Amino acid sequence: MPEKYIDELNYAMLDSSREERTGLPEVIYCSGKTPEQVAGIAEAILKKESFLLASRASREVYEALRAVAPEAVYYEQARTAAVGRWKAPRQDRLIAVVTAGTSDVAIAEEAAVTAELLGRRVNRIYDVGVAGLHRLFARLPEIREAHVVIVVAGMEGALASVVGGLVKAPVIAVPTSIGYGANFGGLAALLSMLNSCAGGVSVVNIDSGFNAACMAVKISGIE
Amino acid sequence: MPEKYIDELNYAMLDSSREERTGLPEVIYCSGKTPEQVAGIAEAILKKESFLLASRASREVYEALRAVAPEAVYYEQARTAAVGRWKAPRQDRLIAVVTAGTSDVAIAEEAAVTAELLGRRVNRIYDVGVAGLHRLFARLPEIREAHVVIVVAGMEGALASVVGGLVKAPVIAVPTSIGYGANFGGLAALLSMLNSCAGGVSVVNIDSGFNAACMAVKISGIE
Amino acid sequence: MPEKYIDELNYAMLDSSREERTGLPEVIYCSGKTPEQVAGIAEAILKKESFLLASRASREVYEALRAVAPEAVYYEQARTAAVGRWKAPRQDRLIAVVTAGTSDVAIAEEAAVTAELLGRRVNRIYDVGVAGLHRLFARLPEIREAHVVIVVAGMEGALASVVGGLVKAPVIAVPTSIGYGANFGGLAALLSMLNSCAGGVSVVNIDSGFNAACMAVKISGIE
Amino acid sequence: MPEKYIDELNYAMLDSSREERTGLPEVIYCSGKTPEQVAGIAEAILKKESFLLASRASREVYEALRAVAPEAVYYEQARTAAVGRWKAPRQDRLIAVVTAGTSDVAIAEEAAVTAELLGRRVNRIYDVGVAGLHRLFARLPEIREAHVVIVVAGMEGALASVVGGLVKAPVIAVPTSIGYGANFGGLAALLSMLNSCAGGVSVVNIDSGFNAACMAVKISGIE
Amino acid sequence: MPEKYIDELNYAMLDSSREERTGLPEVIYCSGKTPEQVAGIAEAILKKESFLLASRASREVYEALRAVAPEAVYYEQARTAAVGRWKAPRQDRLIAVVTAGTSDVAIAEEAAVTAELLGRRVNRIYDVGVAGLHRLFARLPEIREAHVVIVVAGMEGALASVVGGLVKAPVIAVPTSIGYGANFGGLAALLSMLNSCAGGVSVVNIDSGFNAACMAVKISGIE
Amino acid sequence: MPEKYIDELNYAMLDSSREERTGLPEVIYCSGKTPEQVAGIAEAILKKESFLLASRASREVYEALRAVAPEAVYYEQARTAAVGRWKAPRQDRLIAVVTAGTSDVAIAEEAAVTAELLGRRVNRIYDVGVAGLHRLFARLPEIREAHVVIVVAGMEGALASVVGGLVKAPVIAVPTSIGYGANFGGLAALLSMLNSCAGGVSVVNIDSGFNAACMAVKISGIE
Amino acid sequence: MPEKYIDELNYAMLDSSREERTGLPEVIYCSGKTPEQVAGIAEAILKKESFLLASRASREVYEALRAVAPEAVYYEQARTAAVGRWKAPRQDRLIAVVTAGTSDVAIAEEAAVTAELLGRRVNRIYDVGVAGLHRLFARLPEIREAHVVIVVAGMEGALASVVGGLVKAPVIAVPTSIGYGANFGGLAALLSMLNSCAGGVSVVNIDSGFNAACMAVKISGIE
Amino acid sequence: MPEKYIDELNYAMLDSSREERTGLPEVIYCSGKTPEQVAGIAEAILKKESFLLASRASREVYEALRAVAPEAVYYEQARTAAVGRWKAPRQDRLIAVVTAGTSDVAIAEEAAVTAELLGRRVNRIYDVGVAGLHRLFARLPEIREAHVVIVVAGMEGALASVVGGLVKAPVIAVPTSIGYGANFGGLAALLSMLNSCAGGVSVVNIDSGFNAACMAVKISGIE
């Protein structure tokens, strides 16, 4: 299917309207794509754009990417690769990325790095889970400074509700698949967050730091 | 337990800090409470506040409420009762409430009425599901005017993704329990929305127009 | 099957060893039994014992019970009927029954009434959910006095983890089926509690205030 | 069990009536079979037939197959091996295979290759998901030319509903297991497609491009 | 919202393009709509069209419908109301509606009545489940005459696979919620049909005779 | 814990009453046990018994077993190791092991080998799934000779119902985890078999050829 | 559809071969059928047979049945109606029906009455659940006399495993939907029984006393 | 983020209040943490404390730990590493750790080792599952000596209910993921234990020997 493949790259050129429509740049979601496919799409995008972001990028994908864009940077924990930085409006706006535990950090980094690349200031506040609330209270003033709060938590995901009851900013909850057996791949934290008793909490997909960042960037772009 | 009950009302007085902490007023969630309990809590709140909102209120609950607050208003479709209107900042901000079908209107009304009572302008755009995309496109300019978009959809919930790919505003998706058998009480739409391929979509609980409104009010309150 | 039925009552007489074996008296679980069956079993038990407890008893069951035991008392919210009070060891021990919301009170009452009938002191601390943590902190000294803490919560059940991180006593978590759609009949709170990040929390069945009380009575009976 | 094995091959000879009964040739489903078993069955079929199709064939299976049928061809992405091409009626009929993303291409190729081998013309239209509807609209005239449309999509699977509302041809939806956590191995897309608000959409098993092709071939064989 | 309501009816006028786009007329799905809403929409449609179909219509809905369209007919078992009959192409094409048991007849009637109203000939072949295969074989010649076969089955849904292995026509499987406990509201039959070992079987939502009919009408409309 | 381990082996000696109680010999279930543990238990059993059966035995386990029992035999497909053959009553009784496909053979072999080792005659009838019923009918006379029929099937598991409607012998259904995505690890076949419309079908755990054989041996041991 | 209905009754005449094929008589499963349909089918059967059994029969169904068969008998708890008694071979064989609790008796009666009507002797042993094992041991000698044991249990269904480890007869386990929240309509007992650690236990559908009886009758009919 | 990392270690110093609050020392949960992270946190804790416990520790983690704490001990089966032993009150109290099978021993060891390190006496009673109740009865006197009983069981988890009906001590049930297909990763045992018919049983997460030990230590610390 060589012609098809070129069509696909042609398409990539055609979607330069995504930013215009949605206020967010086009991004390559690497899961299920070969390194060659990612590199090909990246090459096409970079012909027209100076910024590129690839989510769920393995190191192998990054190597392929670097072949077409030597200036590409790789954020290992965040599994994110990028070229340049997006010119976002409202760079003054601040996003707090909060985790319940150290084990949630990889997903939090995906959110934080993505938000930074998309032009926001980020404050990382990690390991302040509800088993030791004083840790959360110690950082609460910082969290309250943010315009949007992303809460990343596995296990029972209770941190989202607790933070939701303490801050004025909207809270985006990211359930993670961290935990013992009945976590069921993040289902426990997901259901917990969806049922939050605190108002002003909404939820993205399990382990999806990337989607949380997109939502946070859109929210904090409001004029 | 008459003493306990009074304690509870005492507590209600004590939580006057909710608004200060979270930027949203205290609200009575009526499910699982007797009309008498709702009325008792309402009476205690109204001693201190001029605004009251009761979600998931049956007509029976409303009657009990009117006994202690004759000026209370009832929004039948939205199952919401209220006294007064909250003094929100940023009343200039606009929320679009969009539904896929007519059957989703009750949940949408819960969102719309709540948002209005909490001080936002609301534009209702109903029955623009993806089975007939031209209906959505006809209303798209209106939707694009909003600062936040709430998408209410049952069945497969595809409207959230489609809208998410067409607007700059953040999208809050509300899955509803409308549909045939394998909808499984809203699970189909819920999973669909959580897996949205469009960036900038987050999700609240099934049939929870109220939570969507809280999130939208918080988002649109950003300075 | 009239002979069978008598056999069944004969058996009831034979299980007088339950108390000896398990340290808890025999109890009638009324779900799925006709009022007549409950009354028949009660009559047989009361020939040998001065104490009787019937859980999940409807008012109709209670009426049938009163026909054979006029001194029976009915606790409506707790759906529990009883004759007398059990002679428990260690009546000095205290159980705190804590709820997240007012809607969880019926299940909490089942736990509290059962524990009281089984010879424990009970302190009810209702409506201290995590959406307003200051309510919990205001009652924390009381909770810390208890030898065992029962936490009853629906929605996301986060209260169990938060309490678990604040007290020395073992925590028994009771998920309730209170909440919006994706609560899935209590599944959300159940999974949340099973995945609690705080050590020293264990869980009983959804809406099972009765089992929580049994566990708490056994724990607080330790010498 | 050497005698049994021969029986099995004898059976294979006996099912030459499948084509007569169902209008589709016998096919080897390779999952759970050893390369030797596949080769043995293939050998028996090829004694009587000039066409052979093996689905879910690994490269290892293909190597074993080539030992008994050197002319066998392997379609790597489609995990499909074949000898010859089936003599189908109505070769004029056209099937469109449409995917939401590049990550769905492997499953789409299974559908497309199978349909081609079974005697249909196929038009591949890849990466036209609902996050950028203009891509879909650009290809819509082509899709509308097809007699049957196969829509392959993971994540929330919304593309099936959108296409279903835009074309006259019947739509066969194939959910894929592509996506983040709450995709639950394709469950999200499966439920989404089953609940499609558009009429004229039916669904096959997760990741089953092969079954979609069989259905499409049967449909497009109608006189 | 009186203005909104009119908008909605305005929209209904605007969707007269559905037939042009999808080859199927607009239909009112009555679940979750009040009888008044259904009647209002029907009135608007009938101003422009001579044919009207309302699915999932209760008798109460039908009464409201008759007030605006006295010639409306009601099919009780099928829960379907209609005015007139749609002018379909290819009225020569035949659809077989096959059920496993008598208990599946209501869903089968929804499929059969819908298909007839949409201009197809229908042959009803009921109660030929796999527990007594001779019943199926006795009717097999009739089933083989059909251009499309709809198989309606609850319990284990095995009939879909068996029919799929015996006919040349494409098979549309409709799982029903008929059965004992572990049927789980039709889930057992749904999964069974999705996993059919026979090629050329696709599946619609649980209890959705309507969607099966739409798919069958689209398939049998192929030129 | 060396003393503990010996206790454990002592216990093994003590359970020589299993055969007396249940009519079946003690068996070692190897999953989750180290090769050393299996060998140790085997050694203890063989001091008292001349027959040994180890289910779910990997080749590694078999090697460890052969060190303590050089005469041990290994059935690779069946993942079963054994020493000797059990002296069963009623060796005249016949068990038919029937599979839907070739992919189900490994589980079927576990059932067949186990039943043979436990003293029954077994007739293997493989690959007679419902997609080609004539294959089943060709073997039906043989199946009807059996005193018990074990049906092993993955995918939709329809074969159990079909066989159940054709034979006088009781049918034991074994769902397998063979199949495409929505098989969900055997859940589809499991639910299908539990919901069988044919009387006289009961079900064992997914992939549990061993339990099917135990049940079949018990049934066919009836005097 | 009056002609259809007659066809259906004609069919009923045709299935007189069920007994010949499966060794069990034809039975009317009443769920989802109207009383009129049941009566019509019954009338057709009784023209040819002297025995009739209707499962899941409501009292309303029974009244309709009595109109065509005045000698019909109704077993209320078992929800079973019958005319006559089937002439079974091996009436000497004994089936034990064992329940964990009094709440499981309705399902147990369905099994017991069905087995008796199908010509077996039945011994009812009710309320011997594992919470008080001495009750089970007191009845164990009786249970050991049976040729087949049916164990009916809700909640955690542990009784099936315990009985399975104590008797030589094959055990048929019937999960019931009795229990608190996380029973999930019988799912807990179902999974528990499928995972029984005792060999020689197989499982039928939730609450399906009828299927357990069919299996038990088939097993105990073995020569 | 080197500064962040130090913050994190700073936090570790700050949570020295955990013991004061909850009566249990701080513990490192190693899942999802790199060996370097674990070692870093351990180093910080050991600056202030003489006791350290790391759960879910791989051998690789242990090696990293030994680099900062050469006296660290590793319990392989229990996947637990430790430095020193905690000074618990009430070292006279005894915990019985009971397993159904040998395959459950790894989880049981996690419970037993943790409880010992936290200052309790432990009696291990392994492989006394309900398939052979005499094994349990042989050890029952020992079990009855314990102040708390931990029951570890996979498959159907029936042992928890049986023990719950035989002892006065509170029972903590730990479901394990050991078993065949429909165990669904421990779900079967989990639901079984939550639905236990015996009073005084509560449940922790699947495979979570660690949480069971924490609960048992808290319970047995009651004065």
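Note that the chains are named A, B, C, D, E, F, G and H in the order they appear, and that numbering of residues resets to 1 at the start of each chain.
Keep in mind that, in the parts below, contacts are C-beta pairs under 8 Å (C-beta built on N, C-alpha and C of every residue); 3 or more make two chains touch, one makes a residue touch a chain.
Remember, it's a predicted structure, so these values are computed and weren't measured experimentally.
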Q) If you check the contacts of chain D and chain F, which chains show up for both? A) E
Q. Taking each chain's centre as the mean of its CA atoms, which one is farthest from the centre of chain F?
A. B
Q | Interface with more contacting C-beta pairs, comparing A-D to C-H | A | C-H
Q) Taking each chain's centre as the mean of its CA atoms, how far is chain C from chain D in angstrom? A) 56
Q: Measure off the straight-line distance from the CA centroid of chain B to the CA centroid of chain C, and report it in whole Å.
A: 35
Q: Indicate the whole-number Å distance between the mean C-alpha point of chain F and the mean C-alpha point of chain G.
A: 26
Q: Could you tell me which residues belong to chain G and also touch two or more other chains?
A: 18, 21, 101, 131-132, 154, 164-166, 179-180, 182-184, 187, 190, 194-196, 198-199, 205-206, 211
Q: Please give all chain pairs that are in touch with each other.
A: A-B, A-C, A-D, A-H, B-C, B-D, B-E, C-G, C-H, D-E, D-F, E-F, E-G, F-G, F-H, G-H
Q: State the interface residues of chain E toward chain G in the complex, per the touch definition above.
A: 101-104, 106, 124, 126-128, 131-132, 134-135, 138, 154, 178-184
Q | chain G to chain H touching residues, read off their complex | A | 100-101, 129-133, 154-158, 160-162, 164-166, 179-180, 182-184, 187-189, 191-199
(Q) List the residues on chain D that touch chain E in their complex, please. (A) 18, 21-24, 27, 93, 147-148, 164-170, 172, 190, 194-196, 198-206, 210-212, 214-215, 217-222
Q. Of all residues in chain C, which touch chain G in the complex?
A. 1, 4, 7-8, 11, 14-15, 17-18, 21, 29, 31-33, 37, 41, 175, 177, 185-187, 190, 205-208, 211
